[in-house]
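Below you'll find the structure I mean.
Should a chain be cited, it is by its letter among A, B, C and D, assigned in written order, with residues numbered from 1 in that chain.
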Amino acid sequence: MDYRKARQEIVEKNKGIRDKRTTLEEAVSMINDKDHVAVGGLQYTRTPMGVLWEIIRQKKQDITFYKPLMSFEGDWLFVSGAMGKAVTSWFSGGVTWGVSKIMRTFAERDPSTFEEWSLLGLSLRFKAGAMGIPCIPTKTMLGSDLEKIRGLKRFTCPYSGEEMLLIPAVNPDVAIIHSQIADKYGNAQIFGPPCLDIETAKAASKVILTTEQIVDNEHIRDAPNSTNIPFFCVDAVVELPFGCYPHECYGRYEPAYEKLGEYGQGLLKAEDKIGFVQEYLDKYFYQPADFPEYLDLFGVRSLVEATRRGRIWPL
Amino acid sequence: MSDYNPAELTVIMGSRALQDGQIIFAGAGLPLLSAIHAQKMHAPSLAILFEVGGVAPRITSLPRSTNEARSVRRSVATPATIDMMLYLQRGFVDVGFLGGAQIDRHGNINSSCIGTLEKPKVRLPGSGGANDIASSANRVFIISYHEKRRFVEKVDFVTSPGFLEGGQAREKTGLMGGGVEKVITNLGIMEFDKNSRSMTLTAVHPGITEEEVREKTGFELPVAEDLKTTTPPSEEELRSLRALDPEKRYLKAGDF
Amino acid sequence: MSDYNPAELTVIMGSRALQDGQIIFAGAGLPLLSAIHAQKMHAPSLAILFEVGGVAPRITSLPRSTNEARSVRRSVATPATIDMMLYLQRGFVDVGFLGGAQIDRHGNINSSCIGTLEKPKVRLPGSGGANDIASSANRVFIISYHEKRRFVEKVDFVTSPGFLEGGQAREKTGLMGGGVEKVITNLGIMEFDKNSRSMTLTAVHPGITEEEVREKTGFELPVAEDLKTTTPPSEEELRSLRALDPEKRYLKAGDF
Amino acid sequence: MDYRKARQEIVEKNKGIRDKRTTLEEAVSMINDKDHVAVGGLQYTRTPMGVLWEIIRQKKQDITFYKPLMSFEGDWLFVSGAMGKAVTSWFSGGVTWGVSKIMRTFAERDPSTFEEWSLLGLSLRFKAGAMGIPCIPTKTMLGSDLEKIRGLKRFTCPYSGEEMLLIPAVNPDVAIIHSQIADKYGNAQIFGPPCLDIETAKAASKVILTTEQIVDNEHIRDAPNSTNIPFFCVDAVVELPFGCYPHECYGRYEPAYEKLGEYGQGLLKAEDKIGFVQEYLDKYFYQPADFPEYLDLFGVRSLVEATRRGRIWPL
């Protein structure tokens, strides 16, 4: 998004302390086809899965998704048509489940659907967006073919004479983020690595926050050092327990490894890869009446076991 | 002499290259296994950093990914991803430990595509933090299975810069990190000539011949005058290493 | 009509300019007093930000400085100073509320020196966050005691930019923030002409004449055609305000 | 410091996990005359006073001190000769104690002793230094006389066409920082606003950390989200209770307002301002045998009262 437009959207929006609680459906209706959407978390940690799930259910199309590292959710977004382009540093199922065959299908057919940056390069795009500057210098990607394919501009620092690359800022339309706790105003506390969530929250025009648990504002004020994202960045708050499932939420639950493995192995074996994912989408995304019914497909045993493995006291 | 497979050998050789007190970035799989093994053997204060945001975690069971809660347990800090990556750019990371689908004569790594990016034969997962590590770590170790299709004259795509076209090309482009210092494989150890910055065989593992290494390398590989033979893995090293991966997820007997 | 002193009047007028739900930066002294007063009167959800790192604290007793623990108590977040200041640059701050030693026709503020910086008559404390607020807040309110030596044709030093040389100068220099919207003093309220960006008297306080304001202004001050007279402070406003500063640290009867 | 030299100093230093505990004397001996030293905290909050106290006692001379906002400690540094130049956005005693007459004396005699930046401008210098980049673009200070006197370079973003200023990085020789808790390796946890301490710790070649309390490493690992500065940035750790006194340490003690007021009023009234400060230095800085004896001059009543007012549970 244009630098001036990106600032103007922040200037004009209602940033005040107000009750922002809403439903998943309502929150996701803020996202439009072809939007640029930044996804919180990294690989399969703290993915805002509930929002992705609802995006697919609402049949959003041709969105450009940004994520530091993409995992299986990329398959689902591609096959459903929700994702027109993935902007990421890495796109695969997971190291032990091999390269994503879905990514390969899409990116080998049309390479522009997978826009690759180095992880720091992509991080700096959000950092610049968050800082309200249009670009930022770096040494990363210098001399590599990533520099060339991204068409990055060189820059000589006028103070030091250093040769640098300039990374252009990105200001997505929407950032979607999942936190362990938040209050109804959108003050979000993330435990464990915050990944790029703080940067994306400040860079985006709108922020949809899902959270394991809505807590009282006084609880937030008891530990203000733990607040990573302040209320004025956030536009919608949705309480969504197990909102990353089958991915993990630090300190609350580990990934449902067995279910990810089932998908990963199934995809490896399937002859019709796209058809396999379509069936998966039908079962897990389109059929369930609501998010709890989606969780029900994993079953109580899976949720309890993921919680037992993942719980870190006192979170 | 103990019995060991190529993966075990390579990991142990990788581990020996690390020193106590270093700050390192290690990717999932063999590099991470080398680092944890080094902590157990001779480098208890080796601090591992993960791009997701873990500083010096205590890794007890090998995580599937370096980017999950399990891999950052008992960290001393959990910074944002960008802050982790910027530690590289500022010079805080002594060693970056990388793998890659293709490695060329000048230590450039490809993890983006086989063929061209416009018409890829195989689209690979991409850089992740590898480009940033290769760009800015104070030194880089590459760990890899040694085969002709991996060790190529010129990588199809420079995802992560080694010495680029060789000579002073890396410095001239403005990069600060030290570049690749060692390439550690199941056959031997390669370093880079000070002038040409071309990969040179400096050590072979026990029982491996110079010819075997050259045969499995896709370019003309110079051999150091004082070619060394590495010390074979000890019983203690093997015992300690195998305990880290009892399911043999990474320490398989075949290719890795 | 209630009895009030110039400081009380000015703070109440400043307070009235603020709207509920706004995000504001307010400096120590009268601006902060205005903001807290507004919270008590009509803007309970006004969120005050402090450069030291406080977001929407609950201020019960007036701090001496906006940069101490007392001023950030019960904040909802305590970000680093740079993050607080960058919220301005990104457009998150609706109002910046400033004072200053000198203010000129185009709303430029000097808090650096009287005389030249090379040979200062008086070296003042400097910008603090004022330049950043004036550069990037979505709009700026200036609160000041009205006297000739403060309201000058041209400030000795532009610490914090208003409309610079007037007209489109501010936009041309590349600044994004909206610039000064209102100047609130003990005599009246001034706004800026849309074209010339010159300070114009748009309202006088009860009992104050246009002439009195012009007399105490160090440059030719245009007067709006529809010059208004402000509503005097109510008993309720005065009672609420006085309770905030019982020691009269800021609400003294004389100059402020 | 030169960009490449600043990086090389980090590359070459011993950054490992090792016991870095030492005495105040030893730690301060790492600082040399004419060094560039960044001071943590802001105005009178979390000032690393113990280190400043020891710098003055060791008769260090002509140091360039960086601090986001300077308070009374600037008077003491100027008059003792320790400070050759103040780089700051604001220099005064405190709003209610008027403009520092000492600052005025020095800066009016030689304006180059007070190098003024806007607060964001100065913050960005450290941010760039911390990020390992030689400069960073901003909108702040554009068009002001601060832009002119600092000789800042304009820059047009090649992606957006935006007109920006470039702020040069700063990499001080030493950063001095005070935290509430830290372990012996230098993992520091700061509560309340971290001010610019995180940026300065990463930007500086060396970091001296004083802390209210050294805690076990396991305690740090229990709450890794609270660690602001990791061990590899830190070179010396000194346990120093009341190490900010008479300034404050968030959650532990408020300022000794009455003692600051005594100094502030005394200075206002004194005819010989410099002489007044010299007497103060003699009594509070040179005479005490050690830091506890310095604290003794404030008295138990003052410390207990400051603690009572300042304590925030559960810090």
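In the analysis below, a contact is a pair of C-beta atoms (placed from the backbone, for glycine too) under 8 Å apart; a residue touches a chain by one contact, two chains touch by 3 or more.
Just so it is clear, the model here is predicted, and its values are computed rather than measured.
When the partners of chain A are compared with those of chain C, the chains appearing in both lists are D.
Between chain A and chain B the centroid-to-centroid distance comes to 29 Å (mean Cα coordinates, whole Å).
With centres set at the average Cα position, the gap from chain B to chain D is 40 Å.
Once the centre of each chain is set as its mean CA position, chain A and chain D turn out to be 37 Å apart. Of all residues in chain D, those touching 2 or more other chains are 4, 132-133, 138-139, 162, 164, 192, 225, listed in ascending order. Multi-chain contact residues of chain C (touching two or more other chains): 72, 78-79, 86, 89, 136, 176.
Contacting chain pairs (ordered by label): A-B, A-C, A-D, B-D, C-D. Contacts from chain D toward chain B in the complex involve residues 4, 7-8, 10-11, 14-18, 130-133, 183, 185, 187, 202, 217, 220-221, 224-225, 227-228, 230-233.
The residues of chain A lying in touch with chain B in their complex are 42-45, 68-69, 88-92, 94-96, 99-100, 103-104, 107-108, 111, 114, 116-121, 123-124, 126-127, 138-146, 149, 162-164, 192-199, 248, 250-251, 254-255, 257, 310, 312.
In the complex of the two chains, the chain B residues touching chain D come out as 20-23, 45, 47, 55-56, 58, 72, 74-79, 86-87, 89-92, 94, 136, 138, 176. Residues 28-29, 51-54, 64-65, 67-70, 72-73, 78-82, 85-86, 88-89, 112, 117-120, 122-132, 135-136, 157-161, 164, 169-170, 173-177, 249 of chain C are the ones touching chain D in the complex.
Interface residues of chain D, counted against chain A in their complex, comprise 2-4, 132-139, 153, 155, 157-160, 162, 164, 166, 168-169, 191-192, 225-226.
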